[in-house]
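What follows is a set of structures for review.
Two complexes follow with chain A in common, the first pairing it with chain B and the second with chain C.
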Partner chain A sequence: MTATSSRPSADDPRITLDQELGIFEPVPPYPPRTEREAEFYTLGDGQMFINMGPQHPSTHGVLRLVLKLEGEQVVDLDPVVGYLHRGVEKLCENADYHHTISQVDPLEYISALFNEWAPVMAYEKLLDVEVPRRAEYIRVLSAELNRIASHALFMGWMALDLGGLTPILWSFIERDEIVEMLGALTGQRMLFNYFRIGGVNGDLNHDFMSRLGDWMTRATDQIEANLTLLNTNEIFVRRMRGLGTIDGQTALQMCWTGPNLRATGLPFDIRRAHPFSVYQELDFDIPTRIEGDCLARYLLRLDEIKQSLRIIDQCLHRMPDGPIMAKLPRLIRPRPGRAYAAVESPRGQYAAYAISDGTDQPFRLRIHDPSFIHLQSVGQLVQGQLIADTMAVMASLDPVMGGVDK
Partner chain B sequence: MDRVFRRRLEARLGPKLTGPVRQRHDETEIRIGAAGVTDVLRTLHDDPEFRFTFLADLAGVDTGTVMQVVYHLWSDVTPDWLRVIADGLSRDDPRVPSVTFLWQGAEWQEREAYDMFGITFEGNRDLRRIYMPPEYTSFPLRKDFYLPDDAARSPGAGIRHMEQVHVPRSAPPATSIRRIRA
Partner chain C sequence: MTFVARTWNRLTIPGRVLLGLFLLGGLLTGALIALIIFSEPILELLGANLPLVRFVGAATVVLLMTIPTAFLIIYMEMKIIALMNLRLGPDRVGPFGSLLSVVHGLKVLMKEDFTPTGADAPVFTLAPVVTYLASVMTLLVIPFAPGLFGQDMNIALLYFFAISGLGVVGLLMGGWSSFNKYSLLGGLRSAAQVISYEVPLVLSVVGLLILAGTMSLNQLVLNQAGWFTDWYIWQQPLGFLIFFIAATAEANRTPFDLTEADSEIVAGFATEYSGMRFGFFFFAEYVNVFIVSALTVTLFFGGWNAPFPFPEIALAFDPGSLGIALLILVAVVPVVGTLILAMPFYLLRSSMPFWQALVIGFVLFNIVAVAAVLGWAFVSLEWVAGLLWFMLKTYTFVFIFVWMRGTLPRVRIDQLMGFAWKWLLPASLLNLFVTAGAVVLVRELGA
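Coming up: the complex of A and B.
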């Protein structure tokens, strides 16, 4: 990419657009701006840089990793993100409260219901509105289905990044069934736009319920079958064990959440640590593992699928009758104030911080995305490993670039 | 929030607080100045009475008059989120100490706040733009940054955004900027 104007950079007046910014060159064409950049872009004896991405099959989106290599060993790594930046937060500031729900949908597009949930919860706090219990149960039910779909896809991806093609074909069977099911409920297969401020957009319908009932009778068997595919595969297990290890305290310091944190032995789950919706009434366990390596992160997600099945089962049995929307005017203008709401998405804590100034548009909507947090520690995890293991570590953290880049 | 926790907050952080301890729903809110960030967050993190070991979120905010950095913390001693607002940063040169010495994971969140608001986090060893390209000149989430302004320089110049706030282009930013008392 070339540019011709001679505008100086805001960061550093030494950078102008006269220089042809070779954006895909591993080494930037301007002097280092920070301590860390200076340290990273200084080559030692026998070291070299290599670009992985921005288009690479195993980067889960458009991500560039600058690898500093010594032979085939990774010495250090600098992730370059922003290729998918759409400025969702700015767009939300210029949109109606209801419109922001569809704006945040495509962030973590694998589990879009959670993207809607956090901002909607924050708005409900701003408005002091009580959500009907039936709506809460429908939210939990659909979100847990979405979690299973996300974890199923993770399982396939994980194996695909390690070179196994079969599991992704298997896991897509399951994911497709759930996605079709949610399509029957919400009208969309991936970007649902289903949660509303004060409730949900539609009640449970016959199509959804019959698909769900049909799937629930087979789900456990199907998941067990998927498990045997990889868990007994010696190549897979030996490759993953002991790779990308992190301990609980470091993970907490790196602000990790979700399955990645629980794989280090800390039972931190927003559904229990700071209960939202009706999770307090539901009976489920928080699986943990102590190893903190790629295999633990993989196995932990499989354990979570079983817990999600338990939650879905309870939701179906306890589903109360009643309205699915709170009574709210079409045009909402919350009183000036601030609200923070967090949900436990399949990747960790997904949170929204909303500020209202009394108009019908949010003054500020901050989205906290777990993938963004997890991606920054890839460098630490792969130090001293081989290049091929970078993909395994990346896959085990399960980042979604749509969420990282906002 | 129980009274004990409120009193404990006021007792330990008293002189550093620039406003009353507020509570709404499940959120406790305290306000500090930029100078108090290091001490207050270290106390909250290290003190066995608080144990706020988990940084849930770090956000920059432009209120139109001042800049803020907002920290959300979680601890097992209270059922609520704790919101710490570092208030009153100047819009011309917002500066605040980095918290990467407590939470290394704050590094990218601070880079994001720098990229979007131009807030300088002193002590962050990797404070460069993260989303926008390095030669980018403005800070997109500031309130004096309008979407049409950006479009004028972009390949899609001239396209009016549907959600655009209708402010005359000739108006000086000081009069047309959206503000809040936050």
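Coming up: the complex of A and C.
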């Protein structure tokens, strides 16, 4: 520790910092605030802390995990969030209702259409607007496309976190095609800013429809073919099966929703449980699996892709003619009140709770993000597992740090 | 001194190049003259210590060989995995990006060579050297072609396993001295992994040794001469499978690349390394891939033997017999060949200027000439043919390693250890006993 060299280096922290040299321990510099914190930051015999992130090849953004290790085994885990906090909710309070749509866009940046959908629905409830049916169908169509893109990306990341290099790029083929398609429809590839209060920004155009038609003819086969590399791979299946198992009761207690909950056998889907938009008119199944482990969560998303393709097919067949925007004044001043709206995003229940005080800016916009809810169970799921499994469990929950940190 | 510096500064760039060339030429001429004058005692000295000279020469050649080998394999890996990922891969530097790994090599040379505070500096510096030297030293015993090997030892195989086991010491040193928990985990993982897989690796070739009755790699290759059915793979299929899996783990390659699992422990033992010290680790990894492939080929796939006995083609033509005509040929053939090869392009494409046709003709003539020389060497020089077959087989296995890297995910540490001790070790013991029993049985029946 006292490596004295004749030529002092500018990188030597002793020159700039007057603190004692030592290995950096991830213990916070303040006294423990809770009992849990006091218990976690006390090392037992033969244990050590290791800091995973915020700069780490596979923490899905800027999540920091403090692992308490005993050899390779994870004794306990503490996810530290907030590195990507941008104060979106506060920004929304100082923007007018139309502006908030673009403010919430980069939350769950993998599936941005759902970010717009929930607040837009809440505002529509505040305003008592009826959205034209064509606009609702366009919303469902584009959102389901976005869901497929998100799930395709998830499968690639899953494999990448287990050390497979190729699947991520193969799944990017599908994602890129969809993203280009949505780019043709909305004008942007990632943060669409497409949904409007009372409708959508633009009608379906030729570029989008021809791309969609091309893609739909081969989508099912191509997605299946791309994933044969993983689904039948012995190493992949053996690492995922029985890992991070959770039963339905515990998952409910931890407030899980979405594919992660359905992988434990509970067929809870906002699209069916509290139908919004035109989902009631559409025919689709809610795939479930009973195992509740990482493999179930992975395979369930594959089934969901197929159901999404069914929904898109029906949307294309039933798409009515008509306007795409409701008649609304340009400056919106909803009556004072509160409204809640939830959508089924690729990660679970994505909800917005808007409070209006009668001005043209929301008094409060609360965003409920499923990634944050799922992330708090990582510690339970990986207890007693190995370091390598931490990444697998993390990836199988599919958190997006933009949504977690807001 | 100022005079020299001023003169040098006044020179133009071509002038500096010319001056440099002039000085170099002078030095070389002087060295040549000195060599000629003192040729007799030098030759005497070399002749008296021939084995030592041969060893030093072989060691130098092998050390120099590792760098282009590593460059080639790194390029292969980048390009092949890119094609498997439906990407283009490197395509900027050189034709098809083939010089990119050279640029990578220059890059690691120019980066800052950083030692983290708190690291155990001597051990930290020594670790890449140990790892790199371990892989280079194993190359000494591999027979590349008839007569083309560093040292023909009667215990070559034992030497190989002993030295390649040293590599893990370097990884452990790097992991321990880095003052980083990821490095520590990587180093300990590599120690556990390599020591576990050493056991089935060595046991899997014992069956082959019983069959061959020798540990000399050269003799092993000679034993497999003839048709491809004489290769040991047909007598030791299980041994080959175990050897290949264990060798993959020894070389730290996917799916057993836990020591540098980037999604778990960042870069394992190499997390704190930068610059050329990291470059040594990097080179050692790819040289290890080559070595493991080369040893697989030597043991199980006939080494430098052709898969079938080549028909003897006796060249009736001896260039030496031409005398002065050879000189005239050397002067005339390139010109005539270039013109002949350029003619079709010039005559059949009216839009092509003559100089373009000449350039095409010149390139084509070079290709033809190189092919002709290589063909002549392949037919008349035994070691060229042997080297060609050896490299062909070895790079097939290198390709398989790259293919596995592009396809397979990584196993977990407990699965890795369980696989070694629960499956590979019993299987290699079974292979050993069955082979020994069969050999005894054949000997009894034959006697």
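What we mean here is this: the second predicted complex is superposed on the first by the 381 of 406 C-alpha atoms of A that agree within 3 Å, B and C clash if a C-alpha of one lies under 4 Å from a C-alpha of the other, contacts with A are read in each partner's own complex, and residues count from 1 in each chain.
Following the convention adopted for this analysis, a contact is a pair of C-beta atoms (placed from the backbone, for glycine too) under 8 Å apart; a residue touches a chain by one contact, two chains touch by 3 or more.
Everything numeric here is computed off the predicted structure, so don't read it as measured data.
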May I ask you to decide whether A:273 touches chain B, chain C, both, or neither, giving the answer as first, second, both or neither?
-> first
Would you check which partner chain A:253 touches, where first means chain B only, second means chain C only, and both and neither mean what they say?
-> first
First (chain B), second (chain C), both or neither touched by A:130 = neither
Examine A:207 and indicate which partner it touches, taking first as chain B and second as chain C; both and neither are also allowed.
-> neither
Which partner does A:238 contact after superposing on A: first (chain B), second (chain C), both, neither?
-> second
Should A:368 be classified as contacting the first partner (chain B), the second (chain C), both, or neither?
-> first
Of chain B and chain C, which one contacts the greater number of residues in chain A?
-> B
Report for A:91: first if it touches chain B alone, second if chain C alone, otherwise both or neither.
-> first
Residue overlap on chain A between the chain B interface and the chain C interface 3, 11-12, 21, 23
Residue set of chain B touching chain A in the complex reads 24-27, 29, 53-57, 59, 61-62, 70, 72, 74, 76, 79, 81, 83, 102-109, 112, 116, 118, 125-141, 145, 147, 161, 163-165, 178-182
Can you list the residues on chain A that touch chain C in the complex?
-> 1, 3, 5, 11-14, 21-23, 48, 50, 56-58, 72, 159-166, 169-170, 173, 229-230, 233, 235-236, 238-239, 386-391
Given the complex, residues on chain C that touch chain A span 81, 84-87, 114-115, 117-121, 179, 181-182, 185, 189, 254-255, 257-258, 261-266, 405-415
Enumerate the contact residues on chain A facing chain B in the complex.
-> 3, 7-12, 15-17, 21, 23, 28, 30, 33-37, 81-82, 85, 87, 89-91, 93-95, 99, 125, 252-256, 268, 273-274, 336-340, 342, 349, 351, 353, 355, 357, 363-364, 366, 368, 372-373, 375-377, 405-406
